[in-house]
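Consider the two complexes below, in which chain A is the common component and chain B and chain C are the respective partners.
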Partner chain A sequence: MKQQTTILAGALAALLLGGHAFAAELRIGTAAEPSSLDPHYHNLTPNNTVRRHIFESLVDQDAKQRLIPALAESWRAVDDKTWEFKLRKGVKFHDGSEFTAQDFVYTLCRIPNVANSPSSFTLYTKGVDAVETPDPYTIIVKTAAPYPLLPVEMTTFGIISAKAAGGEKVTFDKAGCKADSWPATQAFNDGTLTIGTGPFKLAEYRKGERIVLDRNPDYWGTKPEWDKVTFRPITSDGPRMAALLAGDVDLVDEPPLQDLERLRKDPKVSVVETLSNRVVYLALDQAEPTPTIKGTDGKNPLRDIRVREALSLAIDREAIVKRIMNNTAEPAAQLLAPGLFGTNPDLKVKSDQKKAKELLTAAGYPNGFELTIGTPNDRYINDEKIAQAVAQMYSRIGIKTQVDAATVNVFFSRRNKGEFSVYLAGWSAATGEASSPLKSLVATRIKEKGFGPTNYTSYSNPKLDELLTKALATVDDAAREKLLAETMKVAMEDYAVLPLHYEVTSWAMRKGLSYEPRADQYTLAASIRSAK
Partner chain B sequence: MLVFLIRRLAQSAIVIAVMSVLVFAGIFAIGNPIDVLISPEADEIERAAAIARLGLDRPMHEQFLSFAGNALSGDLGTSFVHGVPAIGLVLERFPATLELALLAMIIAVVIGIPLGIWAGLKPDSAAGRIIMAGSILGFSLPTFWVGMLLIMAFAVSLGWLPASGRGATVDVFGVPFSFLTLNGLKHMFLPALNLALFKVSLVIRLARAGTREVALQDYVRFARAKGLSPARIVGVHILKNIMIPVVTVLGLEFGSVIAFSVVTESVFAWPGMGKLLIDSILLLDRPVVVAYLLVTVLLFIVINLVVDLLYSLLDPRIRLGGAKA
Partner chain C sequence: MTAASPVSAAPKVETPLKRFVVGFLDSRVAMLGLVLLALVVFSALLAPWIAPQDPYDLSKLDIMSGMLPPGSADMDGNVFWLGSDEQGRDLLSAILYGLRTSLLVGFSSTAIALAIGLVIGMVAAYAGGGTDATIMRLVDIQLSFPAILIALILLAVLGKGVDKVIVALAAVQWAYYARTVRSAALVERRKEYVEAAQCLALPKGRIVLRHLLPNCLPPLIVVATVQVAHAITLEATLSFLGVGVPVTEPSLGMLIASGFDYMLSGEFWVSVFPGLALLITIVSINLVGDQMRDVLNPRLQH
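And now, the complex of A and B:
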């Protein structure tokens, strides 16, 4: 049936071209749907994607996740604990009112007060200790300790209108702002408060069906090409591709891997792709006893660095990328693709089964041991297949390896309960810089510092923690980048986790459209252009 | 009749109570929704706060009791994923599913009954054999595959119909329906056909079996001897007598089409309830799953009631008494 598609696609030419001569309308088929249009309700990629069309943030990120001005024209660190943001003047909300510093203050106050939020943005606002607004176009943010990531975190949440929500008088208080009531999530779903400064306005929202946006004619920046943009959730891969080929939609995100080869050759379709900010890795449990290793008399071999190195050397990453990922991925030597902020250009990985075997023998496991790898089977691209491949590679050096695959909701619950000695998972660096994976995956779990929330392996390396702590308190960008690169090296040389590959994100669209692929995987209609 | 209704309602209440306990415990056992919902960047303090916000920090029996208490006063809780009332989410999707299911049932009846009767009257003719062979295909081809095939043929290659989605809708008393617009009907046709395929085969088989049996009965022979036209014999005497099994099965099928047409809804990106159920189970959105199943149970109860009432219309010998329900 797949071969048929290629042939059939040819017949579409007239249809595709014919349908788009008149309207500046863009229809996008998406693999996932936002859970709500409330910009502060759920920190989730589909939600954040739609948010970026309607609500803007102070600072924004370009396709390579470098910071660019948005509602703030410029910003600087006045001293280690003080940041000053100069706001853009003359920016209007969709209801015509003007954007000022009070809208930022109100947004900051509302974020901790979203009822039932399953994943809150307080994660990115808790660095703020105090806010001053000497004039409507200046914001001074104070932090309790040096906080170099503040501008990056300002990219993560959209600014809502204080006036529309009746919050003109609200003032910021770290312990909790005072207001009679806070806007309900429903008010953003039904359009009452869906009032931002973004390039698009909300026209229609039907859950499970479509989100329709109209161009904001008064937008301060480059006006988007499209009068109307429709997002349609088409969650199954096959139907999403069919919708593109049938001309029902103009662009789709996450085209399935097995169709990419054919789409690239299809004269009616163009494909763009880029290295994403996601790394797929194996985590190695350091606890003793460890749950899914047998044949070691209760000892946890993973505590021995020689075993960890052997497990890394045994993996042929090139083969995984070539055979399982159809070359749509890149072998990984660290936790974030090189080139992004804080990565280390010197890190390399090798594959050497002979040496791996020697190291196992030296560690006292000449006959290996028995191991079960946990993996989700519907979360990352080909996740279970990758785990199967790794299991075969481990079996070759004498470690009898099995794979225990489960659907996301089961897998993550079990993983979080510590049911696996080795598990496969992925990490997207939302901030686009190296402190994100380092802090979450390999730093020692310390609740008060917010270190190691996704470190489910009890891994702990004082040297790494010290370097990372230092990096996170260094406001100077160049110095911090060096420190992060060094921290990365420490983590990788200790085989804290084993990176496998960086995923590639792709988009497929009808010929005649162009889109600069984004490392953060967002599909932004304002950046989709038609070739002129 | 009244006794019959009261007994039915009492049975339904027990079903609903048992089911809500089962669903609640089942989903509780799968895992913690927070593990799926929260951003992985969130630290432990954030995690604890989110768990408390959703009320997941309390022991299961406490969560269940507060749910049951609220449910009795008509509040089925707030969706963990969407942050809006769960019952609203389910009912919002209901019209889309209902109209699709109705169209599928109409297709099943309109195509299935005539073909089935034909195959029953002339079981050894070429047409009869082709109809029966076709119904085997209808039974055995997997829905998702047929769905994709329909899309490839009618949307991608011929370009006659849209590949997926719901299309234009018209509000009737504030409820959006798409069967009232041409664009909407175009969007509905392929998914409805896909849903109907299995039912068509089922109806063909039932109608054929019924016809073969009834056609040999004395009253049919008598009607023929009396010189009634073949059309009247088939249209009245046979049709009426084969309808009871067909109505029973269609009633049950109608319920399951509404509640569980997940595959077709996914393939055609149809914004119906089935898709909502699957998404909610994947994200462990317990309030929505419970609300959904409650609505489903109610639906089945109503449909079964209607089927029972239809029996007594179709066959005057059947009485809805209190003795046998």
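And now, the complex of A and C:
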């Protein structure tokens, strides 16, 4: 009897061990889930994260946001306004068809034609004026003006299959490409068009539950270690943490800050972190009338620069970082962490409640007004708590402030409909330089130029637009950096949006896994490795 | 019923109310429930005077006093007896104010649902036939959905706010009363006193209001008491899920939710104390309700 038990136990152990060695599975718990699997629908970190597993871009970035080859093997500036990309040969889509220049052309054409896109990628395609494809493995991109950011911008969007979408004949036209119809976002969610060249293929997508990816056996690059990767959105901090500690998931993003201290000491868990390219900010509506301000006789006080300055000075950013963020963030005085390309070293964090009150009085609001801040409650680290802290700081200078918190999808659709006078959001500089937040958040919305796609506040400053346009056309890096820093100063001195802090991104994983922390906050399964 | 009987056997007129009170006072557990409930109700009513801080006035909060453990004081010397949450909200005050929200929502939604259910149930029972069948099928449909689901959908449409939570909870609860009233009224309707009233050709309204209604009340009172507790739990659940009250005016459910994130990091008080307050409220209401059921149920007497 006893012997039997031993044999049984042995067999069971062999079975378990064997099973473990053969099917390498990685389970990732994420704090936010993508709004869609359509790679061009929503320029949002959770979407871009999953996109990078399935769809690849021409150029890629490493963990420090330096450019590395991806679908393009090499690229060079032929002259000021012409770029040449040499494509990798023999790359196959998940359906077996070959990747060629036409897929790039089709992708470029499709991006402006995504219906109801909440935050479009046109921001990164507007620079392209004309495309030539002398052979299937060469792309010549022409720009109207010198456009130094082109290779960087090629990292931001994933290439979809022209063949799968029926776009083999589509040609690029700056004024708008011609096609019978454009693929619907739904076709990417249900898997029909979720065909990329990436290291993983889509196996299953259940919104709110999980995204399952299988390894692409025909991947051209280094094949990932994992046969199967499951992303599980666990938006509440506690349960996400519990899932990691209980071994239900192998790695989590955004481990709750209040637990970091304890996690670092836990022998079963390892934590990695890095300062991110994301700034969390408050956007101030400039439209009149504005929806969530009361007690001003219909006027929008945010149009007055003194009020905006008061709102900025009233915020004690150090306190937020210390108390709400557990010191895992840095107070922000501009839209990208200083030290990164195009930031301004002269901008300093200021806080002065007394002066804020004086400014409000000078602007004609000695008794303040009523304000509601909109915020997501599961998108950025402690987003709702930050909004509440800001609300109490505003209440102290006499602005009666409420917080209206909603889940990410609800928040963004309401934000896009202009339902908030002040809202909290974050911006990741996908390109790693200051032009990204400046162009998206504070430049006047001009669709043709790709300016201001995420400027939902009707903010417009001609001086800023002019400087930014000039900077974006300057090929010389040193001169461009100087111009960008100057643009940043103009934006910040006009209090166009109010930066709060830069997030420090961390990941927690079971011991035995390693991950190089990425400034762009992406959690890429292909780069998660187990120590051998 | 032993020691008290000889005393109450004195030649006094026994009114239903008196019988009820005597029966109620009979149980020690029920008395404990009543005392606790009274304590909860009074501290909620007196919250603005006894709470150390107004937790809904954001200008009184300071994040620098956030996450203080129970019994500690901040730099200005204010003592936080039950600790503070991450916004620097005194938990004792927040619980007292949260109780106000909970009780307000519980009692008012129950009262509204009771009124609606009473009317609809009476109509169904007295009218009978097709009207009865239609109304009862509606009730069946409503009862076949989980209450929390209907409340979530309603709040998604209505938006946030205490008034909206009350409306949503009244909407999910009326069906219970309608069904209870109907069954009670059906039984009463066939009794002789109703027949007698009908023979006297009294107007229908009078028969329903003066004769039927008072006799249907006892089971309703029991259902209502239990439903108040149920409504409070529902409100807490909705707030926990973040669809109930605004985040700057937390109710008990929302306090529990915001403390929930800290459970694993050792800062237990943000969740545990509001949870205890909720527990005490619900248990005391249920104790009182149970005893009421026993007293009002003729089958359990004698």
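Details
Criterion: the second predicted complex is superposed on the first by the 298 of 532 C-alpha atoms of A that agree within 3 Å, B and C clash if a C-alpha of one lies under 4 Å from a C-alpha of the other, contacts with A are read in each partner's own complex, and residues count from 1 in each chain.
Rule of thumb we're sticking to: a residue touches a chain if its C-beta (ideal position, glycine included) is under 8 Å from a C-beta of that chain, and two chains touch if they have at least 3 such contacts.
In this text, all values refer to a predicted model and were calculated from it rather than measured experimentally.
Legend: residue contacts after superposition of the two complexes on their common chain; A:V408 is shown touching chain B, with no touch to chain C. Contacts of A:A389 after superposition: chain C is touched, whereas chain B is not reached. Once chain A of one complex is fitted onto chain A of the other, the partner contacts of A:R210 are limited to chain B, with no touch recorded for chain C.
With both structures placed on the common chain, the touch criterion links A:S236 to chain B and to chain C.
Of the two partner chains placed by superposition, A:N300 touches none, neither chain B nor chain C.
Using the contact criterion defined above for the overlaid structures, shared-chain residue A:T49 touches neither chain B nor chain C, since it reaches no partner. Counting the residues of chain A that each partner touches, chain B and chain C differ, and the larger count belongs to B.
Comparing which residues of chain A touch chain B with which touch chain C, the overlap comprises 236, 238, 242, 245, 407.
Of all residues in chain C, those touching chain A in their complex are 57-59, 61-64, 66-67, 86-88, 160, 242, 246-248, 260-267.
Only residues 236-238, 241-242, 245, 256, 258-259, 261-262, 319-320, 323-324, 377, 384-385, 388-389, 391-392, 394-396, 401-405, 407 of chain A touch chain C when the two sit together in their complex.
Taken in their complex, chain B has these residues touching chain A: 30-47, 49-50, 53-54, 78, 80-84, 89, 92-93, 96, 148-149, 151-152, 155-157, 159, 162-166, 176, 266-269, 271-272, 275-276, 279, 282-284.
In the complex of the two chains, the chain A residues touching chain B come out as 1, 4-5, 8-9, 11-12, 15, 35-36, 38, 41-44, 114-120, 122-123, 185-186, 189, 206-210, 232-236, 238-240, 242-243, 245-248, 407-410, 412-416, 427-428, 430, 436, 440, 445, 447, 450-451, 453-454.
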